[in-house]
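The next part holds the structures, each set out as structure tokens.
Each of the two complexes below includes chain A, the first together with chain B, the second together with chain C.
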Partner chain A sequence: MSLLKISDLSVRIGGTTVVEEVGLELAPGERLALIGESGSGKSLTALAVMGLLPDGAEATGSVRLGGEQLLGLGDRELSRLRGERMAMVFQEPMSALNPLMRIGRQLAEPLRLHRGLNRRQAAAAAVELAAQVGLPDPELLVRSWPHQLSGGQRQRVGLAMALATRPALLIADEPTTALDVTVQADMLRLLDELVQQHGTALLFISHDLAVVARLCPRVAVLKDGRLVEEGATKTVVKTPRHPYTQRLVAAARATGWDTPEVAR
Partner chain B sequence: MSVPLALRALLRSRNGLVGCVLVGVLVLSALVSLVWTPYDPTLVRPQDGWLLPFSGGHLLGTDRLGRDELSQLLTGARSTLRTALLAAAVAAVVGLALALTAVLLPRWPGAAVVQLTDVLIAFPVLLIAMILTAVHGGSTWTVITAIGVGAGVNLARVARAEAARVLDTDYVLAAHAAGSGTWRTVRKHLLPNIAPTLIVQLSLVLSVAVLAEAALSFLGFGTPAPAVSWGRMLYEQQAYIAARPLLVIWPGIAVAASVLGFNLLGDGLREATDARLRVREVTPV
Partner chain C sequence: MTTLLKGSGLSRSFRLPRTSLRAPAVHRHAVQDVSLELNEGNSLGIVGESGSGKSTLARLLLALDRPDAGTVHYRDREVRPGAPRKLTWFRREVQVVLQDPMGSLDPRATVRDIVAEPLECLRLPGDHDDRVDELLRAVGLEPAVRGRYPHEFSGGQRQRIAIARALAPGPKVLVGDEPLSALDVSVRARILALLDDLAEAYGLTLLLVSHDIGVVRHLCTDVLVMKDGRAVEQGPAAQVLADPRHPYTRRLLAAVPRLPA
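Here is the complex of A and B:
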């Protein structure tokens, strides 16, 4: 049975349809990349799954997580699922952390919300989480403020937060786009490792085919809110059918990636 | 940023320091007047009228009715400070309530709250106070309510813009994605992040309140006699300004210094809480 089943998902903002009849399926522990250019509706698809669409955006169709229909659920029910069954890592590490809350408290926030940990247990769990994502000096780090961390470190905090409750589904919305190239590679390796370890299903959103090819065996291509191609990354890279996908592949090759190193 | 650190940053700026001193003098005068004044500020002794400073045991002299000027100033500080603080408290409650309902309610009810706020802003504080006084009679509470509501709607506009900005940030989205409910998000993420702006605004509300209280008692809409206030002192002495200018100058200075004090304190607080001027703690990593 599939963990996440999106069918006929459309998102409308003020009369304009920005995501149109998208259908995706994700088995437990499976990885799927959703790629497309900016404005193609990748992020809105992710936010629709999380039930976090901005004011004025309306989603129709069906999104099922473990058989439970998410669209139309109340805020209270969604809050119970968010951070517990499904979690998200965001694109901008610089702004995804509350500047007035110490790292440790933010790290343990999902655990306090969903596991009912008290302050003490949460503080201990935060140190553990920080160590898990390879942050240096976790004991000291949990007591620091977000502005004292580098972008890469903050993104690790974001990842640790998302995976704190061992959710069944992790949505990563361009988690490496805002990072330096060298840090990007580390981050991808870490993501790969942790998702593997926890058996988390991954929906990886990106505009970069070269990045996703290493991580996800399956890829779906979104263009102007429509799904134009979906299949094994290997096949899509070798024989892209849709003209847009062909351009994506060409672009990835042009940036010095000529021997595709494709995930299993 | 921790509180002691913010205080240190506040005292380091010249504005903040001067503001703290002026407000400190006001607070100290009010506190002293609670336990001691040289004379009873309302004691009328016509035989001691019009005494000059440093005469007859009166440091700042007496007015027409022989009331001690210094005692009146000290007691006036108390009513000024009390009115200003309570009005600021009312303003904070009104402003926060309006701002939060405006940003948290769904679309049209939220917009309605914004419109209501904008309409209320159009009424000057003094006008609201005079209307309330005309209806309910003059009392300290009428003045506090009027100033508090008047300043509160102005505060609501600033607070709403700031709250909308914070609600739009990625960390609020991330908090929701982690399963935080609306009220928890408001408590843990929204309020702490709009607090610096609110505190600065509230110190400015205090200065407006001092001025408004003085103006209202000057116009005869304040706390009725025999209560002592700086505005009333100005009102009572204005007819004799040519004969005894000092009796008008003292309460005038008191009002001006208090308003300046709260304004400078606000400026200092803004500088102290400005992220770009923040003192960094030692980076652990």
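Here is the complex of A and C:
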């Protein structure tokens, strides 16, 4: 039984189709990477699942979470599901943070609402979450405002917020772009651990093939809103079939960091 | 060799929020005594741990923030934060792409107005509309998008709009804070080629904050490594990346994820 089943999903905005007949499936605890060119529709696919498409966007097709049809659900139902069953790490961390709320409260709020912790427990859990994602001086940091954090610190707060509710489905949209590779490695390890521990299904959006290869056994490739290739990550990286994927792998090798003379 | 941008002994600390009224004030030393020189035609990559002070340093060098100690010079003239009017000469030569594209693009302005803004502010001559179209094409966007607003784009597209704006006035120096972080490899290759061309043709000088060692290696002649507010290692890129001296640089290079063969 799949946890998430997307079929024939199309998204139209202002007369243009930006996502076209996409189908994807995720079993509980499974991990799937979604990669593709900038503007190919990765974020909108994710937002369609979360019920967070921008005004004026229209989704057709079917998105089922544990059998329940999400397309067409009301705002209240969706927002309940977002707290209890699914969560998303947004591509631009600032868009997920309320600039007028201290970090600690933003971390604590969902814990009170959806995991039934009282105020004090939630505040303590917020500090713990901040420490878990490697933020320095967590007791002080939770008292900061979002603008006082570095780019990578904000991104880690976003990750902590999404992990806090232990969702059945986690969608992470480019969750490590603002992190240096050592912190990135820590965050991937943490993600790996927690997803495994809680049996969370992960849809991982990234443009970094090397990161994808480390985390997700399966990968799907979007191009111009359409799914052009899907398969085992190993196979796709080794023998990409679609010309776009071939270019992607070649470019990753060319601009990447695996020329032997410098790698040592 | 002409030194364009020069920072000497730069420091900046922030007061952290107190945990209680009685608690003593704690300061975070975001940047501590950092000095650097950016020479014409060269390009400097700043790498380092998340929270190590890279963005703060970039803001100091751009006169977007005031140092507690130290100075910034551009072509031997001191640059201090102040009224935009007094910094016109500086902005004409030094442009910037900030780390958070959404936060740095005016949500109520069209792409055309965003990209043309530096042309207008700096009162540059020429047909601004043509220039905007040319820039959009250069970063891989259709000129037809000029009437759209920032929120109507993907993350990587917004980042490219910020790049187009920064390149608009034909700056001498481009300071980019993670300017390519949201771009997939194929689009990134295109922007890298564009920057290469500009460096070649106009001597565009780059100061690039980036987590992407591949990008730094491709674009930068020099590297500065930051950790906990300090520059722990500095030197020619080829040397630092091939033979890192500081333990943190070694760890950094070892942690770069690689594609399986």
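Just so it is clear, the second predicted complex is superposed on the first by the 235 of 264 C-alpha atoms of A that agree within 3 Å, B and C clash if a C-alpha of one lies under 4 Å from a C-alpha of the other, contacts with A are read in each partner's own complex, and residues count from 1 in each chain.
One rule holds for everything that comes next: contacts are C-beta pairs under 8 Å (C-beta built on N, C-alpha and C of every residue); 3 or more make two chains touch, one makes a residue touch a chain.
Computed from a predicted model, the values in this text were never measured in an experiment.
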Check the contacts made with chain A and report whether chain B or chain C touches more of its residues.
C
Looking at A:92 after the superposition, I want to know if it touches chain B, chain C, both of them or none. Which is it: first, second, both, neither?
both
Check the residue A:76 against both partner chains and state whether it touches chain B (first), chain C (second), both, or neither.
first
Is A:114 touching anything from chain B or chain C once the two structures are fitted on A? First, second, both or neither.
first
For A:252, select first, second, both or neither according to whether it touches chain B, chain C, the two together, or no partner.
second
For A:196, select first, second, both or neither according to whether it touches chain B, chain C, the two together, or no partner.
neither
A:101 in the overlay: touching chain B, chain C, both, or neither? Say first, second, both or neither.
first
After the superposition on A, what does A:143 contact: first (chain B), second (chain C), both or neither?
both
One more residue to check, A:152. First (chain B), second (chain C), both or neither?
second
Contacts of A:207 with chain B and chain C, given as first, second, both or neither
second
Kindly list the residues of chain A that each of chain B and chain C touches, one partner per complex.
92, 95, 136-137, 140, 143-144, 148, 150, 153
Residue ranges of chain A touching chain B (in the complex, touch as defined)
50, 52, 55-56, 75-76, 79-84, 87-88, 90, 92, 95-101, 109-110, 113-114, 136-137, 140-141, 143-145, 147-150, 153, 158, 161-162
Help me check something: in the complex, which residues belonging to chain B touch chain A?
1, 106-107, 169-171, 173-182, 184, 188-189, 192-193, 275, 280-281, 283-285
Give every residue of chain A touching chain C within the complex, in rising order.
13, 35-39, 42-44, 54, 91-92, 94-95, 102, 136-137, 139-140, 143-144, 148, 150-153, 156, 174, 177-185, 207-211, 213-214, 234, 237-238, 247-249, 251-258, 261-264
Write out the stretch or stretches of chain C touching chain A in their complex.
14, 16-19, 26, 47-51, 55, 99-103, 151-157, 160, 177-178, 181-189, 192, 211, 213-215, 217-218, 241-242, 251-252, 255-260
